[in-house]
Each structure stands twice: as C-alpha cells, then as structure tokens.
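First chain A sits with chain B, and in the next complex the same chain sits with chain C.
Showing the complex of A and B:
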C-alpha cells in the first residue's frame, strides 16, 4: 500500500497565508489600540477621580456596616444597624427637616434673584463692569471671612441689622441665637453667598442666545414680556436646569456656614446634614454611624438628581 | 522662573538643615484667643530652646480645646500622634480609652513626687488622676468668675464694691442693673452668662448637686438640685428677663467690654481680654453661692503619648516640666488670665507686681478652695453635646427644666450603656 501522499500546498500559498496572518494581527492590534485610546486618555483623570471620589464613596458604604466608635475601638460588623439607628434617632429627622427647610429657603430665591440680576446686567448700561464685579464679589471672598462679617452684622444690640432696626422701631433680635430665626439667618447668608455664582452662569447662558431671534421678534412686534417667555426662558432652560441641580447639591452640602456661625445651635435648630456627619465623625469619633449618615445623604442627592433629570430634562430645550 | 527656583532651593535648604543631635518633639496645643496667646506660647518655646539646646519643640496650634483633641485623635488613627499635647482634664477618660497616653508617676517621682505635686493647687491635680495614677500635669486651668462693671453699678445706684454673693443677691442686683426702653425691651442686661453646660455645672454644684460619678460611668443631671439650678437660670432669662437667653463665649465677653451688660459670668481665661478692652472700671468676684460656695474647674494639662519612643518621652517631660514651672505659670497667668497652677508662682516678684496693679487676678486663685471637677464621663463629647442642646432647648421653652433634664439624662445613659461593665 502506498502511503497516502500528504497534501502539499504550493510555497506561494503558504507565504501568502503567513503574510495575511501578520497583516491581520497588525490590523487587530490597531483596532485594539483604537478601542483603548479613549480609555488611555481618560485614565489619568479617572485615576484621581477613583482615588479621591469613588474609592471613598465605596469605603464609606463599607464602613457604614460596622460599629466603630469610642466604646467599640475594634470595629465590629453590624450589618444595617447604623442605618436603623439613624432612622430611630429623632435628631436625625430634625437634621433632615432643617436641611429641607434650608433648601426650600435658598434654592428658589437664589435662582430667581440670580436670573433677574443676570437679565439686568446683560444690558448695555454704563458702569457694567462695576455692577458685575459688585454682584460677583460675595462668591470670591472665602466663607470664613464672610461668616465673620455676617456674625458682626447680625450681632444683637449693636450689630448693623439691630442697630438700624432699632432706629426703625424693630425689636432687638439675636438672629443667630434665636430658635426660630437662626436657620433663616443662615438662609439669608447662603443666598447672598451663592447668588453671584449662579448669576454668572446665567449670564453665560444669556450671551449664547442668538441676537437675530430678538431682532425678528421685535420686527413681529413682540413685547419684552413675550420676548422673555418665548425666547429667553426656553433657550436658557439648559442653564436653568444646571443651576437648579447645583443649587440642590449646594444646599445639602453646606457646612462652613453652620460651623462658623452657629455650631448647629441654639439647641439643634441649625444642625444640617454635613455638620451632623462631621460632629459624629470627628467630635464623637463615631465613624460607623457617620458613614451610614453619609451614605444616606449620598442616596438622597443621587435620588434628587435622577428625579431632576427625569422630570425637568423633558422641558429643557437644547437650541 | 529662575528666581522662583532659587526661592525653592533656599526654602529647602532652610527647612532641611537639621539641628544635629537634637531630639525633636511635636507639641499640639489649644488656645481660644488666637493672636496674642499663640505668640505667648511660642515665646515660651523659644525660651525652652535656649535652656535645652538638645531638644527642638515643634509647636502646632490646634484651634480650641475640642478641635485640638480632634486633631490628636485623627493623628492617632493615622499612626502619627504628637509626642506631647495639652488636652482638657475631662479628656483623660477618652485618651485612656484610646490607650494613647502614659501615666507620668515615674517622672513625677524623679522630681520629688509629692514635693512636686504639692506645689500645684490640689483641685488641679485631682481631676488629672485616675486609678491612682497621674495622667497629666496641670496647665491652662480656669474657673468661672463674676466680672462686673463698676460704672454701671454706680449708675444703677448699686455699691460698686459690693458684688452679689448669693443667688438672691444676684437676681436682685441684675434686676436693678437691667435698663429697659419704653416698650420694656432690655437695652442693657443686668447679667450675661454664655449658655454653655460648663457654666450651668457651677450652678448645679452651688445648689448642692452633683454631675457625674467618680468612675465616669454615670451622670446625675436629672436630680433635684440640678433641675432647680437650671430652673433658676431659666427664670433669670425668661421670667425676670434680666439676662439674654443665648450668648456664646465670645459674644458675651464682647457684650461686657461694650458695656451692654452690668455683670458677666465667664472664664478667668478671658481676663486679659477684659483687661485690655474694657474702657471702664471693672471688678471681679467669686461666683455667688446658694446652698454652698462652689465652682466647676475647667482647663487642661500636659499629656505625654505612648507611641513616642523613650527618648522623646524624656524630652517631652523636660518640656512639660518647663511649661508648668512656677516662672512660666506666672507669665502665662499674666499673659492670658488662666490661673497659674502652682502656689509658688504667686510668690514671684513678677506676679506680685502684677497683682498689686490688678488685684482682680487673685480672685480666681482665692476661689480655688471651692473648686470642684467639671462633669467628666466616657464619650465625653457626645454627652456634653446632649447636655448643651437640651439645656438650650429648655431655655427656648421647648421643654420644662425637669422634662429637658430627664430627656438629656436618658440620652446620656444610652451613650454610657456600653461602659457599664
């Protein structure tokens, strides 16, 4: 029996296959590179974001499952106990309520005022730069300095507000030490401090609205009121949306004001979320509980942001 | 660009040149009145360097008492605590719970034991002891005293040399010294006290009450003497309206300096501020008594940390000894108002001259025989915060004195439950 002849490919075919294989490899390497390139570009940013933002968030949730405080220096796994503890602590609910009041007090007023002021200084008037600088300046000065100024302005008896208030026949009120007014004094300072920042964002939004739309509207005889509601407001909606989300987050993240002006007092009337977390973590060294409250705040903010995207974004016009 | 690089090089050179063979120790300390008192401490450190060239102290200002404590605890958790630090006497419990500090008996023995401790005022030493050991050396100690404005006393027809000495007199004097406008609103208060538990404690003690147990595991603020003391306070503010409800420590001392209140109950630690800013004749007196003469001690001591290597602990002791010496204590009393912790400080010519010019500084020292420890427990910060908030809510009439203290007592017991072994 003859041995079966092994199939033999001509040499050229063999080389061709090899060449094609190499080309394939090069091409696929290129494809991989092309796919990887964007990831490489974001890698440095992601690296820092991960270390300083994502990792701490994950770690916070992890720590929130432990009891870890002065009475229990070696941490102990307790599951969701810290969350249950927050739910059954009246102070936690008071803090939440205070913060919601603070948000309700600051957000609509600061947005409305910022928009109004942005409209005013978007016009061609004399001394524009001065107005813009004057309105923006509370944003520039640090809260620490601003708090000192406001502490002085709101001082009982001889602070500016009470001094002139008395001349107008108003009673002498200890704004920051009064159980009913202290939170609203913080709201006032919060609005004052953030107004300039929101105003500048609105101003930027106003300036990209094309001028010809207004020219056309004027030709059609639209009143200023109509021009605002039919052109400015809809076309400004992406900015408004952005400012609104910022304002919500800002109002739940306020701490410097509380720390510097009231320390949460009198009683717990001005104790807000981050201050409460700070107190538990760094004054009481109750890390597990503080982590759980941080986790709750994270979920609240996430929820509000998702809600805002769901509800408001449908009304946002991107020109 | 080039010049900037040069500056960098120079900075590196300056900071990198070590003082050879010197033991370096890190020192955390708190003071309230930042500007002048930080300078004061830094001057002592400079003098210490002159006397002990082999040791370099790096002073780190940590804010107020509890901010400084927070700094130390954070440093402990990071595994890099200070070698020596000033913390409140009531932090003895927490620092021991954290196993952070060492007892100082060995060092004290070396310096003559009781002979050394005997020169400190006994009230200052006793609250730095626990389990029969000495955990810190007294420094920056204070008690509340009664400051009063003699000019406003005269205006109200009161004897400027007879400050009130009992609760009834305190109320009567405050009523006379309160000035009201046509609508009945006070334009000048008779009395101002910061609404802080530390000051309420003195009233509880004066009323024959107690605040905490010797093992730091129990509190007694819902007992009758405590509730009555709070009620007296509440009535001063809400019924007689001779005192504002809420004032912080800085606000109240500013009110006094501005002549907005005739009397002020405040820490001796502010005596320097009053001395420098009051533009009127003022006096100082003991706190008024009720069932007994009493006052709650505040303030701190020098702690040495466990994690420091032996040679640093030795250096830290040298520094502690220096800072609590009669001479530095006299200078600190003059510079701040905090009571010199050593009896012999008051014999120094420096202190005698000062007291001759300003006899008010001796009031706090003479009140010391009546001084008792302030409230001190495990998890002290949490317990203190519960006390503060409930106290303020009672002042705001959210609860009656009794309800408020019962609620606070219950919450404190919850915090202290894990320690009841």
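Showing the complex of A and C:
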C-alpha cells in the first residue's frame, strides 16, 4: 500500500499562505465594507425617514379602516366606512370647497403680483435692495405673528382697515366674523405672507433668461410688450407652473392662520383641511375618521405633485 | 433695458406703492406696541404714540414665560439643524458619489418627504411619540425633522459637481473616503450648507402647528406657540398693545438678522423654491 505521505510544507510556505489568507480576508472585508458603506451613509436619514414619514403614511391608511374614537376606545375594523362617512358628511364637502376657494382666490392674484413685482425688481434701478427687503420680509416672519398683525388691523371699529374703509364710505365690518368675508380675509393674509417668496422664485427664473434674446429682439424692433409675451413669458413658463403648484400645495397646508384668526368660523366658513383633521383628531378624538381625512388629503397632494412633475417634463419650454 | 426717465419713474412709483402696502401693517404694529393700553381704542387712529412707553414689553415678560419659550425655540431650531447637518451630509454624499444597488429607488423614497404635507402625518407621529413617552418634550418637536429630503437634495447637487479627477488625486494622496468628504467635499459645499441652514432655522423658528399638537404645557413650548396661546387668553385678547409688543418680541431677532444678511436669506429661499 502506497501510502501517500502527508504533504509537508516547509514552515516558510505555511507562513506565506497564512499571510495570503489574511490579506485575502482583509481584502474581502474591505470589499464588504465598500458594499456596505453607501448604506451606512444613508442609514441615519432613512432611520428617521422611515419612522416619521413612511411608516406614518402607511399607518394612517391602516388606521383609516378602523372605527376608533371616544365611543369605541377599542379599535374596530370597519373597512371603508370612514371614507363613506366623509363622503356623506356635508361639512367634509364644505371644507373641500373652502380649500378650493382659498386656492382659487390665492393663485391668480399671487402669480400676477409676484410676476409683476419680479419684473419691476429685475430692472436695474436704485434702491433695489430696499424694495426687495420690504417685499420679502413677510416670508421670514412666523405665520403666527402675521396672524396677530392682521387680527389687529382687521379688527372692527378700531382696526386700520375699517378706519380707512369708513373714510371711503364702507360700513364698519367685522371681516373675520363675517360669513361672506372671513375666507377672503384669510386669503389676503396668505397672499401678503407668501408674495415675497413667490417673487424671488420668479426673479430666479428671470435671471436665467439669456440677455442676448432681448438684444436681438430690440434690434428687430420688438416693443416691450412683445418682448414680454414672446420671450419672457414663454421662457418663464416652468417657473410660473412651479409657483402655481406650490401655491396650491401651500393652500392645502394652511392651518396656523385658521387656528389663530377664525378657529374655522364663522359657521365653518373658514374650516380648511388641516384644521378639520385637527378638530376630529384632537378635539373629538375620532382618530379613525381623522386618519381617513388625512389619507384623502395625502392623495390629493400626491396627485397634484405627480401631475405637476408629469406636465413639467412634457409640456413646458426650457431655455 | 429701458432707459427712458419716465419708465424709471413708473417703476419706482409702482415698487414704492407695493412696498408701502406690505410694510405699513408692520409699522402699525411697532407703533401700537409703544402705546398706552387705552390709546388704541380711539375711533380715529393716532399713528404716533402720544406717550411712548415700554410698559407693554415688561407686561409680556410678566404674562408669559417668554425666556423659557425663547430658550426652547433656540434648542429646537438649532438642535434640528445640528442633527440635519450630519444626516444630510452623509446621505447626500452617498447619493451623489457612490454606486449602489437600489440607489434610484431609495432616492425616490427620500423625495416622498418633499411631496407630502408634513401635516398629513401629524396624527400618527403624535401617536408614535406619545407611545415613546416623549409627549410634551423638545425632542418630540424635533423628531420628525431630523432627516431632510430638501437638504439632502440641495447638497447632492453640490457634491455631484465636484470633479471625479479631484477625488482620484486626493485618494492618491491618501485623502480618500471619509477624509475626502471632510477635507474636500464639505468645504466646497459651504454655500449650500448656509442656504440650507437659513431655510431650516427660519422654518423651525416659525413653526406653529406641530408644537401645538405635541406639547401640553409651557415646558417645551416654542415662541410662536406661546404667542398664539397668549393671544387666546383673556389677558392677551383684550390688550392689543401688549399683544403687539409680544409679536414684536417674537419677530425682532430674526427680522434684524434678515435686514443685515438680506442677500443670503433671499438667495436661500430662491433655492428652496427650486429644490422644493
């Protein structure tokens, strides 16, 4: 029997293999590290994102399938009942209508004013910085402070608006307590607060339009009017569209001014989406129903955003 | 473009009128804050205070825990920013300069945060933080904002712009990986960080609704919330001069900073529009 001798390696070879093995191991550990590194980098972000953004979205839809309120403290599965309840509640439709009115009231005015002011500010004139600061400062103060300012200015009898209104022959009006005017008073405050922000976004859009287009147009004898409608407006359309979408989304997020100025009144005339959710969740403790309304709001805003991106990519001109 | 003097004059007049309409409400508030309590109840408004007084400001300090609110606001706004700077730097760097499986999908999952209204997740976040025992704490006010899709997006653009050759050269000099991030990428992105910091600080200094939901006492409450609650007390709602003094005290510091660093603020908010 020819027994194969156990292969015997000289000590040096053994050491060498060990070294190679160790190197191999270090290299593969490095390779694992290289693979894992990006995930480690994004881990902190996704940790918070998951707990406070993704999970709440999913959980909101889940909770919206339950009856869960003071009368039913133990959650009870009811399917789509909360959504059906929203659909058959006149107040839900009124809130939706209020919100649409708020958006419709805000958007054309904001866009026209912000664009107009951006065009004026874009001229090379003296005192530019002062005008810009004066128009922009409401963006950086809290909406809560803006609400206080306008509560005082719109107050009946002693408010500034009523004083000068009376001088013009208007009656003394309790703007925020009047079912016809309260929502428009909120729109006014919203426009005042956000105008400057929209203006500087238009300004950013204006500044990337190449100067030579205007020079060529002037050589061709185009009037300022023609230059605006043939060059500025079309090249600005992505910005305009963007501001419009932002204004719609902002409108559906309005809450501070409702809470501080009207509490949704008078007679729910200024009850907007987020306030309605707040009332149901934290005043009536109807978490199931409030979750369903949150879910509906979520879908509306998601739909608008997706629509915005879709149209933005397909239709609008880009310089 | 236009050089005719008449056009120039028109531009000035229009801008002046617009600026006047936007500024007058604030001027009125400042003047009111220095008036005596009953002076404002006149049917013909007096613009200038007859006997300028600081009484209203002292009154505010007595009527609400103003300095506690101030401290809470500073802790919340800078605390959020501090954590955000770490999370957005790492995530932006990975999304800008690394190849990995699932990157595009994960990026979309990140952008979800930009697409939804933070208010639509308020109920569930309230339940989560309450079950963690964090109701009525500053940490709870900060928690939902510690990751920022907007910040990550903004920085990613900057990091993407750093040429590949620079990274290779740095790597040959032994300045690869994390060191490249710290010594090369971050210094190059300072303007981006500044823009993000201003938007983040302003947003969280001003926030009202989430602190309203997640706090129950003045222990953790922030300034704007304190102002809102003061306005709804009997004392605050009956006394316009004191309420306006409180409003002025809440906005004074950010507003002064804005006036000094106007350009920086405006540029930051321009980008916030482009990023959002």
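Definition applied: the second predicted complex is superposed on the first by the 258 of 319 C-alpha atoms of A that agree within 3 Å, B and C clash if a C-alpha of one lies under 4 Å from a C-alpha of the other, contacts with A are read in each partner's own complex, and residues count from 1 in each chain.
The working rule: a contact is a pair of C-beta atoms (placed from the backbone, for glycine too) under 8 Å apart; a residue touches a chain by one contact, two chains touch by 3 or more.
Computed from a predicted structure; not experimentally measured.
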Which of chain B and chain C A:229 touches, first, second, both or neither: neither
Partner chain(s) touched by A:266 [first = chain B, second = chain C, both, neither]: first
Partner chain in contact with A:282 - chain B first, chain C second, else both or neither: both
Which of chain B and chain C A:56 touches, first, second, both or neither: second
Touching partner for A:37 - first (chain B), second (chain C), both, neither: second
Chain B versus chain C, judged by how many residues of chain A each one touches: C
Which of chain B and chain C A:157 touches, first, second, both or neither: both
Partner chain in contact with A:204 - chain B first, chain C second, else both or neither: second
Chain B versus chain C as contact partner of A:179, first or second or both or neither: first
Residues of chain A that lie at the interface with chain B and also at the interface with chain C: 155, 157-158, 282
Residue numbers on chain C that touch chain A, as the complex places them: 1-2, 8, 11-12, 14-16, 18-19, 22-23, 25-26, 28-29, 32, 40-45, 86-88, 90-91, 93-95, 98-100, 103, 106, 109-110, 112-113, 115-117, 119-128, 143-144, 146-147, 149, 152, 177, 202, 205-209, 212-213, 223-225, 227-228, 231-232, 240, 243-244, 246-247, 250-251, 254-255, 258-259, 262-263, 265-266, 269-270, 273-274, 276
Chain B to chain A touching residues, read off their complex: 66, 70, 73-74, 94, 97-98, 183, 185-187, 195, 244-248, 251, 254-255, 258, 260, 378-379, 381-382, 385, 388-390, 392-393, 395-396, 398, 418-419
In the complex with chain C, residue positions of chain A that touch it: 35, 37-39, 41-42, 44-49, 51-57, 59-60, 63, 113, 117, 120-121, 123-125, 127, 129-145, 147-153, 155, 157-158, 160, 163, 192, 195-197, 200-201, 203-204, 214, 218, 224, 242-243, 246, 249, 252-253, 255-256, 259-260, 274, 277-278, 281-282, 287, 290-291, 294-295, 297-298, 301-302, 305
Residue ranges of chain A touching chain B (in the complex, touch as defined): 69-73, 155-158, 171-172, 174, 177-179, 265-268, 279, 282-286
